[in-house]
Amino acid sequence: MSEAAEASVPVLAGQLAAVGQRCYARGWALGTSGNFSAVISRCPFRLAISASGREKRCLHADDILTVDAFGAPVGTHRAVPSAETLLHVTIAQVRRASAILHTHSVWGTILSDVHAHGRGLNVSGYEMLKGLRGVTSHQHSEWIPILENDQDMPRLAQRVSDLLQAHEGVHGLLLRRHGLYTWGDTLEEAERHVEILEFLFETLCRSVVCGTTAGAEV
Amino acid sequence: MSEAAEASVPVLAGQLAAVGQRCYARGWALGTSGNFSAVISRCPFRLAISASGREKRCLHADDILTVDAFGAPVGTHRAVPSAETLLHVTIAQVRRASAILHTHSVWGTILSDVHAHGRGLNVSGYEMLKGLRGVTSHQHSEWIPILENDQDMPRLAQRVSDLLQAHEGVHGLLLRRHGLYTWGDTLEEAERHVEILEFLFETLCRSVVCGTTAGAEV
Amino acid sequence: MSEAAEASVPVLAGQLAAVGQRCYARGWALGTSGNFSAVISRCPFRLAISASGREKRCLHADDILTVDAFGAPVGTHRAVPSAETLLHVTIAQVRRASAILHTHSVWGTILSDVHAHGRGLNVSGYEMLKGLRGVTSHQHSEWIPILENDQDMPRLAQRVSDLLQAHEGVHGLLLRRHGLYTWGDTLEEAERHVEILEFLFETLCRSVVCGTTAGAEV
Amino acid sequence: MSEAAEASVPVLAGQLAAVGQRCYARGWALGTSGNFSAVISRCPFRLAISASGREKRCLHADDILTVDAFGAPVGTHRAVPSAETLLHVTIAQVRRASAILHTHSVWGTILSDVHAHGRGLNVSGYEMLKGLRGVTSHQHSEWIPILENDQDMPRLAQRVSDLLQAHEGVHGLLLRRHGLYTWGDTLEEAERHVEILEFLFETLCRSVVCGTTAGAEV
């Protein structure tokens, strides 16, 4: 880890805390749900991640700690890293993502359930898709995979890893009745992906009410 | 009551007022609905509770008063304690809860009506359940009992007491067309329970729209 | 008008402006919809009311002017009083209300349309009803009358007057596809009535989705 | 461009940034969606417009740049103008609008899809329509045209131009699964039109749930 990178950890922690508070304000990280991380360095691998059990309403830079490639805490921080740390580490490594955000919205929870039997949903035809990295037209077809929820984190991390390698183009994934994981090359990009995918989840769910479901084809 | 505990009453009152304002902001305590309490001491029993008829938008520490084990005001505060004080006292004593929060959301009101004939609803399979004290897996099955609403507080308090003794594992209960009571070992835990249960109520109600009701089995 | 009352006009104007901003924040007074008034004196009759065409987002005390019993401006304020001033004057006089608030929410708009053929709706069984002045039990039955919308204000004011004299117990009324009028003995009470009635409108509309409409019997 | 107009550009940029942040707060400009412009001068034609790819949450006056009648940047600002700049220029010229706002809400996205086959929807009978410039009665019938979305901006701008010339009375238009364009003689009026049209979109979509669709006749 370079000195420059080390110096940026407090800044990164403050930014992650601010993202967490904004997700809470939108209702995407109620209770202690949601967790947020950003890569500090690749070699050695170091990830800044929110501590377990913190309420996102008042998430503070002090609630962010550093873990290694095995998800083990590095340094003197007394907090326990998020229970889902291994998923963050996996996404950071397989996707080479710089920031990973996990939200837990009402709409994501519902959609992950409705489309669970199809193991995902296909979203196409929406202008909002253009906010996803590399997408240049609303005619893009985005596959959002859904994994069954699991409390065995090493097993779930392996399934996330397999999934990301099988589906190189995806920008996010849903855990059933649990929520969204998305990521980006920067923390700003990852937060934009949260907003875009959560917008699409809400739009797809609400479209059912209005008699149109053309947007999501399973 | 120890001197230390007495000293903390103004702090506790300020914290309860802040919880009330946050519940109002989320739309869970409109009008004068909602009431909030925290145990000051067990012996003698003293409870800090929001006064009757206060608007939660601008709830202030001065709107919190102290009552005894019979719900009668203690001290020189001129305000009348919440009409539902006896329910708070009962929950504090039967559950040995340290904080009791009552919210009155649109979704809780609707859900308490839809499942009234079953005297409650069973919620399982949601990751969000893990935010409830002692729950470690989404496969947990949470029973949320529903009681008929009643303006006779001693009678309703007795029914709450009976219910809590019959269902030791519950984390909250609904009064029909009225709202949620939940509690915690700390005020922070009680507020987390509010957020988790209100999230689940919204999710269950909205799921109906999207054609899935698997989450709530009566 | 007593000197004491005159002195309080700037304070009243500031309070009305704050109410307007809060209604805007909740989405109950978007665009230039919504208008808000409070009685300054009964003899001579003077009413403080929001000016026509003001955006409620940034409603300011300067946007409040004074009108007489005919809805005509009093004093040197250059603004035009709200187009619906006569309705406020009528409610202030027939009901002897001290504050009259008109909101324009999505749910009120929809409900006023759904129940227009019945010229109103009956709401009963909700604890929230107890927030209405004089209601002491959820078993109360509240009739909310609905009038056809009309751009002829003297004619509409006459119909409001007739309606209020025919239904002495009502706490509010809906104009079809237009919104809610409610009032109170104080501005605080009127704002509480807005919150309670808007809560009930949202609950009744959303209940339809969840398969229960027992709350509103026409 | 007069000196007076030149002097007002920083003020205009600050106002546009504030409008963008308010639209974000309401959920009408998530991700990098939404763009906002205002005419600086007619001769030569100069338009202040939000830069491409900016997040509206923290839109700042520095994110606003100046373009000419061809949508080409004028001056030393390094940012790229919004991809949809040509649509703004077209509306500013064909309608002689002074401010053009594009929002991207869930309800607008859904409604633009539901009514796409009819190439628009007719809205009448709502009091809220009176907030649109020149409308004096709720009995007004407002046609809201819907255009198929297109990534070819010159082609889409031509279709917008044709549409505005064919339908002189419209106050806004929808791009399918994309969002709303509306405008005004002042920035304040354009923002009011956003609020009114977004209110109507939400009301129309939600009305379907409650079993009434009388408000929108295709």
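We just call them A, B, C and D in the order they show up, numbering each chain from 1.
The rule is simple: contacts are C-beta pairs under 8 Å (C-beta built on N, C-alpha and C of every residue); 3 or more make two chains touch, one makes a residue touch a chain.
Model, not experiment: these values are computed from the prediction.
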(message) According to the touch definition, list the chains common to the neighbour sets of subunit A and subunit B.
(response) none
(message) Let me check something: if the centre of a chain is the mean of its CA atoms, which chain is farthest from subunit C?
(response) A
(request) Taking all residue numbers used at the subunit C/subunit D interface, answer same if over half belong to both copies and different if under half do. (result) different
(request) Determine how many degrees of rotation, between 0 and 180 and to the nearest 5, align the Cα atoms of subunit A with the equivalent atoms in subunit D. (result) 90
(request) With chain centres taken as the means of their Cα atoms, state the distance from subunit C to subunit D in Å. (result) 32
(message) Based only on mean CA positions, could you tell me how far subunit B sits from subunit D in angstrom?
(response) 45
(message) Which positions in subunit C are in touch with at least two other chains?
(response) 209
(request) Specify the contact topology among the chains shown, as one of line, ring, star, complete or other. (result) ring
(message) Please list each pair of chains that are touching.
(response) A-B, A-D, B-C, C-D
(message) Give the list of subunit C residues in touch with subunit B in this complex.
(response) 22, 125-128, 131, 136-139, 188, 191-192, 195-196, 198-199, 202-203, 206-207, 209-212, 214-215
(request) Over in the complex, which subunit C residues touch subunit D? Could you list them? (result) 27, 30-33, 55, 57, 104, 106-107, 109-111, 113-114, 149, 151, 175, 177-179, 205, 208-209
